[in-house]
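Structures are listed in the sections that come next.
Consider the two complexes below, in which chain A is the common component and chain B and chain C are the respective partners.
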Partner chain A sequence: MLDRVVSQSQLLALVDELALSRRIVGPVRRSDRHFYGPVDRADKLDLDFKYCVYSPKAALFPADQTLFEFQTGPDGFQTSPVYDESPLALVGVHPCDINAIRLLDRVFSNTNIDEHYLSRRRQTFIVGIDCPTPCTSGVFCRDMKANEAREGADIMCSPLPPNGVSDDVRYGVVFGTDAGREFVLYSHAGDPPTVDDERASERYISDKARAFPQSIPYDVDALPELLERSYDSLLWEATARRCYSCGSCNLSCPTCYCFNTYDRLEMTLTSGTRQREWDGCQLRSFAVVAGDHNFRAKAAARLRHRIYRKAKWVKEREGVAGCVGCARCDRACTAKISSVEIYNQLAEEV
Partner chain B sequence: MKPRIAIFSLTSCEGCSLAILELEDCLLDILGAVEIVNFREGMTERSWDIDIGFVDGAVSTPEDMKEIEHFRECSKVLVAIGACATHGGLNTLKNYQDESDYRKYVYGDQAARFPTIPAQPLSGVVDVDYQLPGCPMVKEEFLEFVKVVLTGRTWHLPEDPVCVECKRNGTLCLYEKGIMCLGPVTRAGCNAICPSYGAKCEGCRGVVHDEALKAAGINLREQYDVDLQDVLADLRMFGAYQEKTLP
Partner chain C sequence: MAVLGRQPTDKAKSLYEPEPAEVVSVEKLTDLENVYALQLASGHPLGHLPGQFVQLALLGIGECPISICSSPTRPNTFELCVRRVGEVTEHIHRLREGDTIGVRGPLGNGFDVHELHGKDILIVAGGLGLAPVRSLIQYILDERARFGQFHLLYGARSPGELLFRNDLTLWRERDDVNFHMTVDRPDEQWRGRSGVVTTLFSEVPRLEPGETQVVIVGPPVMFKFVVLEVLARRIHQRNIFCSLERRMKCGVGKCGHCQANNVYVCLEGPVFRYGELKALREAIE
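And then the complex of A and B:
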């Protein structure tokens, strides 16, 4: 059931309204690709994008973020935490990335409450845009049950088939939160859905169900068991021999949340900041501990660890898979290692 | 007592020494924390009682050999700065050519006045305590190094490849454009400056680890339709890798 129908120009006007009180981050065109980037006006967005090279994760969990400031002086060692609470709107977020944000929400709020993430997240309004077809070849979002996002966005917009009346793209809008409902209704944008709109929406949903191919013979619920039986597979060694351990898969992943901390000192040497930066389990030094011992020194062990995290361990702990099937890891891999291929090869082995 | 610092140059463009002068925004802060006692590019006074000696340039002449041994003797800590000092740098390109050829096209009929030897990094001749690679060295990394030394902490070069910095910066991977970038095999720390301007990484900070190089050999033979000689030429440019073939 739709809550509202808006045209693309009405949606852009809504974004301009959001921009009065929020920073806007959405799809912009750069070097022949799309990236999530900051804009000050909605007409700088390109809502007809297929996919963005990187996910909007960096807006919530920056690649390099200040956690606290510290200083030493006559009063001893003092720290003060740094939180970014400036209101933000993420616009044009696809279901895969919305599901990824939902996972980050869980991870950063369960055992260790991460106020640096949550303070930003609480101030974030999400305008989701649904995908009628796979954004590009190689994605396996359907297999990960992440090509739909019924929760996570404040408003979710699905592009409806043309109705023959207007050339403007029309979106069926579903309110995901009270904030989303209030925002759209108070601005009086768009119209209540007609019976025809509801029919168009139903057709959209059934067309979409057929448009996404199955890429893996086991769906996300069966992957933990598949992996359970694949720990000693020869595949890990055979595939990882090509791995550069460059971490591109990790750092382009919308659900990877590992980070490293370090201190940045001012030249005075008496004050500075504690920073955290994105880290990745495929990097050789990721698992180095005191005494220089590396408990995952081999690329094969690291590759297995990543796949287990994505499709088994995170799911067992958080209830949802650590992968949304966006295939950014596969596209980013400088050695052309494909996680879809890994799942398929493992499925053949067992 | 402030640490006594010296900055020396061997065969090079001295661009790394210049990079220190380019730290003008914090040069006064640095001078407040250390005492520079010997710096050809920046001052005329000379002293040979040195706590930390920074050296840019490769060992490429018999004169360089004598000088680096003298610098080593006078410096409690010796730091190689820039690709020439850490890997031999551009100077090593002559190592692949015939000596009489390059002597002739560089020095013409005066070649006899300029003795030369195969170029090598400082570590080929003396013990080096720390390396700050790059062409030129990364100013910000030099500053971090100075801060770490002044606070008595342990210095670590980044152990990650350049790809990590491209991803953190949100730069489009050059492999997506079909460009053979050396980022996956090259040590990070430069903030991936070349790819951020659309130029491929040419490995000026050296190979990050042998495993990456081995993976490169496999991938370039099995996954990519490229001329290995072109990639080898890129790897040799700054002396990052000087073998005849990829592993």
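And then the complex of A and C:
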């Protein structure tokens, strides 16, 4: 059931309205590729993008972020936390990335509440755009049950099949939150869905179901069990022979959230900041302790760790899947190590 | 998500902000280890359990996880035994009485002392492993009536590496603890026992399997041999505990560095039951 129907120009007008009170981050074209980037006006966005090279994760969890400022003196020190609470709108987020954000929400709010993430997240309005067909070859979001996002976006827009009346792309809008509903209704954008729109939406859904191929020959719910049996498989060693331990897979992953912390000291030596920066479990030093003991010294152990995290452990811990099937890791890897290929090979292990 | 809907408390405290503590005293234990007694600037006790740790922060330098080596039964100060091995610990060793340092914690699970109450206790410590377990030893000695027999075995590589010598003397003098120690490599002055820590098991009388709780903290190699010794005495696997070490950055279950398979050592540990560890493939290697 749709809540509203808007044309692409109406959607862009909505984004301009969001831009009155929020920073806008959305798909922008740079040479022949798309990236999520800041814009001040909606017409700088390219809503017809296929996919963005990186996910919009950095807008919520920056690659390098200040946690607190400190000042030291003869009487000790003082700290004050740094939170970014400036309102933000993420525009044009695909279902895989919305599902990845749902995982980050969970990770940073369970057990210990991380205000550095959550203060940004609370101020973030998400305009999702659904994918009628796979955005590029090699994705396996359908297998990961992540090519739909029923929750996570404030409004979710699906491009409806053309109705023969207008050339403008029309989106069927579903409100994901009260904030989304209020925003669209108060701005009087678009129209209530007609019977024809509902029918178009049903056709959209059934066309979409056929458009996404199955890339993994089993239901992903079986993946944890398959992995459980493959811990000692030679597959890890065999695949990791090619691995450069460069961490590009971690860097490009929308769900990777591991980080390093470090202190930055001003020239005065009396003030500075504690920073956190993205880290990656595929890097050699990730589990090294003093005395140079490495708890995951072999690339094979690190690769296994990454795949187990993505396909088993994160889901078991957080209740939200750790892999959304966007295949960014597979595309980023210079060694052509492919997670979907590993998931396929696992089916052959008995 | 409930937390997302929640209004931010204005200037909520960050998970990562240390609070100031004053260095009350510094004592040199060996060439590499000093013990620091600290007091929170707020005046509050740290409120820890034996076996927990803190993140010790030198602002501008960095942070590192250090076990709390004193018992909460001695609440005025808390003690940390720091081995100088790298950048942060090197700077910690430059601290003097009266200096200020940052502390986050207590962190981790610690020992479930209630489960130990009423039982016979065997503690086996090797090397720097004495530091985390000293909080429990002090606790048992301060609450002696709550425990049955108490056996304590300690091994160090050489006499020069023995930690907490005052404690060692004290423990030897007390007759309510069956304490023995050994060094792997004795020197000329050494009058005590030599050999690896497992040789001390000859000093431990028959243990009552269902009634005995065992704590083993030391380097991984030692751990395996001691577990074997303990299992040979038919101690239940669920009654054997140990403390794990991992690289740690956040100490609060976010940064991912301390993972052993699917376990976050900073949250679910550092104290684990041997029964749990066996199933955890990356735990003891």
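The criterion applied here is as follows: the second predicted complex is superposed on the first by the 348 of 350 C-alpha atoms of A that agree within 3 Å, B and C clash if a C-alpha of one lies under 4 Å from a C-alpha of the other, contacts with A are read in each partner's own complex, and residues count from 1 in each chain.
The rule is simple: a contact is a pair of C-beta atoms (placed from the backbone, for glycine too) under 8 Å apart; a residue touches a chain by one contact, two chains touch by 3 or more.
Since this is a predicted model, take the numbers as computed values, not measurements.
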Partner chain(s) touched by A:265 [first = chain B, second = chain C, both, neither]: both
Partner chain(s) touched by A:243 [first = chain B, second = chain C, both, neither]: first
Partner chain(s) touched by A:48 [first = chain B, second = chain C, both, neither]: neither
Contact breadth on chain A, by residue count: chain C or chain B: C
Partner chain in contact with A:107 - chain B first, chain C second, else both or neither: second
Touched partner set for A:118, first chain B, second chain C, both or neither: second
Touching partner for A:295 - first (chain B), second (chain C), both, neither: second
Touching partner for A:349 - first (chain B), second (chain C), both, neither: neither
Touched partner set for A:283, first chain B, second chain C, both or neither: first
Where chain A meets both chain C and chain B, residue numbers: 265, 269
Sites on chain B touched by chain A in the complex: 26, 29-30, 33, 143, 147, 150-151, 159-161, 163-164, 167-170, 172-173, 175-176, 183-185, 198, 209, 211-212, 215-216, 218-219, 222-223
Contact set on chain A toward chain C in their complex: 67-68, 70, 72, 75-77, 79-81, 83, 85, 105-116, 118-119, 121-122, 231, 257-263, 265, 269, 272, 274, 276, 279, 281, 286-291, 295-296, 301, 305, 308, 312-313, 316-317
Touching residues on chain C, where the partner in the complex is chain A: 1, 3-6, 8, 11-18, 20, 22, 41, 59-63, 85-86, 89, 100, 102, 245-247, 249-250, 252-257, 259-262, 267, 281-282, 285
Residues of chain A touching chain B in the complex: 30-31, 33, 35, 53-54, 58, 63-64, 241-248, 251-252, 265, 267-269, 277-278, 280, 283-285, 299, 331-332, 334-336
